[in-house]
Amino acid sequence: MSSLVATAPAESLLAKVNGEPVVSLPKGLFIPPDALEVFLETFEGPLDLLLYLIRSHNLDILNIPIAEVTRQYMKYVALMEAIDLTLAADYLVMAAMLAEIKSRMLLPPTSQSEAQDETDPRAELVRRLQAYERYKKAAEALDQIPRMERDTFEVKIDPPPLQQERQHPQVELESILLAFREVVQRAAHTTHHTIEREVLSVGERMKAILALVTPHSFTAFSELFQQGEGRGGLIVTLLAILELHKEQLIELVQVEPYEVIHVKGSA
Amino acid sequence: MPTAKASLKNIIEAMLLAAGQPLSIKRITRLFSDEWQASEAEVREALAILQQEYQGRGVELKEVATGYRFQVSQETASWVSRLWEERPPRYSRALLETLALIAYRQPITRAEIEEIRGVAVSSSIIKTLIEREWIRVTGQRDVPGKPALYATTDIFLDYFNLQNADQLPSLMAAQKLDTTSNGH
Amino acid sequence: MPTAKASLKNIIEAMLLAAGQPLSIKRITRLFSDEWQASEAEVREALAILQQEYQGRGVELKEVATGYRFQVSQETASWVSRLWEERPPRYSRALLETLALIAYRQPITRAEIEEIRGVAVSSSIIKTLIEREWIRVTGQRDVPGKPALYATTDIFLDYFNLQNADQLPSLMAAQKLDTTSNGH
């Protein structure tokens, strides 16, 4: 399998990822580092990023070299984190999915699974990538259609002077009041939601925990919980730890019952 | 391929029909100044040809004080007027919400309206409200870009039988309204 | 005196140029209902003649979802745009992809869009699309939570110069996983 990683084109230090300096950009990233953020922000999510990796390296979407693609994907995710790009939880979920497919492909096929289960572990991912690509292309085609305000314009000459009494829609004072109330309520509603999301997002917390733990050393379980966050914060942190553990992104170690639990990042 | 002159004529035709206001020969010529370098004489010539071509049609090209414009010809005008005699459509929710915010939070900028509503306010909404003379620009907010401040007019107050904006019903009244009528 | 047919054509020409929105054959015919008694066939014929007469000019007569309208022809459009300082609105990829999914998979819920795109759809995108009246809620999916179903509108089709959803560019076909592919 050919490596997708460029052989050290740039010697300058670009960023630090998990404490390790990044000296080379993934292949296909021939852009000045200051444009990096703009470039990374152009991805419309994990599927888009994966498609980019596959298409820009001319890989066969039906036979994705999953180990290489995963490695590349994680490199980009690490880069995004390194330059403090707000990383949506969707990227981490995809990372977990890739890791799972990778491990399933490493498993020797059992006789039973060979008999009735010929599905490629990559099948679901391929299906999703294809579906996304279809609509991504459709959106590009839609953008090409000649449209108003860009490729053509409305024609409008003045109405004839004969009609002086232009009919206007009638409006009740009541409907203005109701419109105002609705807009005020909606504004209050959205603010409320944003606050809730920011404080209690499991995805965000997963990211925060991943940033805290390293594969090389143990972190005390209790250190992951922040004082003064209240019950909600405790629950979100616990959920995030369980989720990360389920996705095998962290390891939990306890020497004896009731001993301190330690956490470390998966190698 | 049309000849250069035919195209100049076509472009001027389209400009006049899309502009929504009369265009002077100077302004038209200026729009061609960089690449095309059309002269005023050429523009004038194209206008003359257009004027001829539209003779005996549904619209005519007229020269008025501020320039040239297409207008509905006399023979067709009474028929065309029928378009506006039909029952006018209702205002969109977006328009009512914009109007409500201007009424209750005046003076207010477009950006402030957009921030509260969470979406862009289309220019046509502001235009419709100004055309109806329900809102007007009262000044500029003293921030970068000097955005226009909108407020309601006396015509707006008259329409709703109000003496001043303080007489607008309070939000409390809306709550009451809600309990009496169960929506629609 | 113009002949009856020529005048019908002239009137329709003037109506379409002054209306500021597409007019359907039905609506045009209705405007002639009392005195003139023009039939839909006659109106259709006049429109066909107009369409021909405006070929190769600065504006063209187009049929879109809600009716016929005159619009600036593509050859002259870039010149006409010089009339305004505002640049045409640009739409983000996220918005266009969301719109494409609604157009091709309607009716569709927000969660279904998110599943295909693999990322959350921001509320502001849905709001913008509704505000532009390109999409609307057509019902609710009969699953827990009763999520809203979105579909595109005729105004969306009008904006993109389409008569109906069948005129959307065709979707690319997906390769099958089980067939041996040799790339492309």
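Labels for the chains are A, B and C, by order of writing; each one numbers its residues from 1.
Here is the rule we go by: a contact is a pair of C-beta atoms (placed from the backbone, for glycine too) under 8 Å apart; a residue touches a chain by one contact, two chains touch by 3 or more.
No experiment lies behind these values; they were computed from the predicted model shown.
S.K.: Would you mind checking which chain's C-alpha centre is most distant from the centre of chain B?
M.R.: A
S.K.: Work out per-chain C-alpha centres and flag the one nearest the whole-protein C-alpha centre.
M.R.: It is chain C that sits nearest the middle.
S.K.: Calculate how many whole Å lie between the centre of chain A and the centre of chain B, each centre taken as the average of the chain's C-alpha atoms.
M.R.: 42
S.K.: Using the average of all C-alpha atoms in each chain as its centre, how far is it in Å between chain B and chain C?
M.R.: Chain centroid spacing, chain B to chain C, equals 22 Å.
S.K.: Can you give the whole-Å distance between the Cα centres of chain A and chain C?
M.R.: Roughly 33 Å separates the two chain centres.
S.K.: Among the residues of chain B, which are close enough to touch at least two other chains?
M.R.: 14, 17-18, 59, 70, 72, 76-77, 80, 83, 118
S.K.: Going through chain A residue by residue, note those that touch at least 2 other chains and give them in order.
M.R.: Residues 153-160, 190.
S.K.: Which stretch or stretches of chain A touch chain B in the complex?
M.R.: Touch residues, chain A against chain B: 153-163, 166-169, 171, 173-184, 186-187, 190.
S.K.: Give the list of chain C residues in touch with chain A in this complex.
M.R.: It comes out as residues 17-20, 59, 69-74, 77, 80-81, 88-89, 91, 93-94, 96-97, 99-101, 103-104, 116-120, 123, 158-162, 168-169, 171-172, 174-175, 177, 181, 183.
S.K.: Applying the document's contact rule, which stretches of chain C touch chain B when the two form their complex?
M.R.: Chain C reaches chain B through residues 2, 7, 9-15, 17-19, 23, 31-32, 56-59, 70, 72-73, 75-77, 79-80, 82-83, 123-124, 127-128, 131-133.
S.K.: Going by the contact rule at the top, pick out the chain A residues touching chain C in the complex.
M.R.: Those residues of chain A that touch chain C are 42, 44-48, 58, 60-62, 88, 90, 94, 120, 123, 126-128, 130-160, 190.
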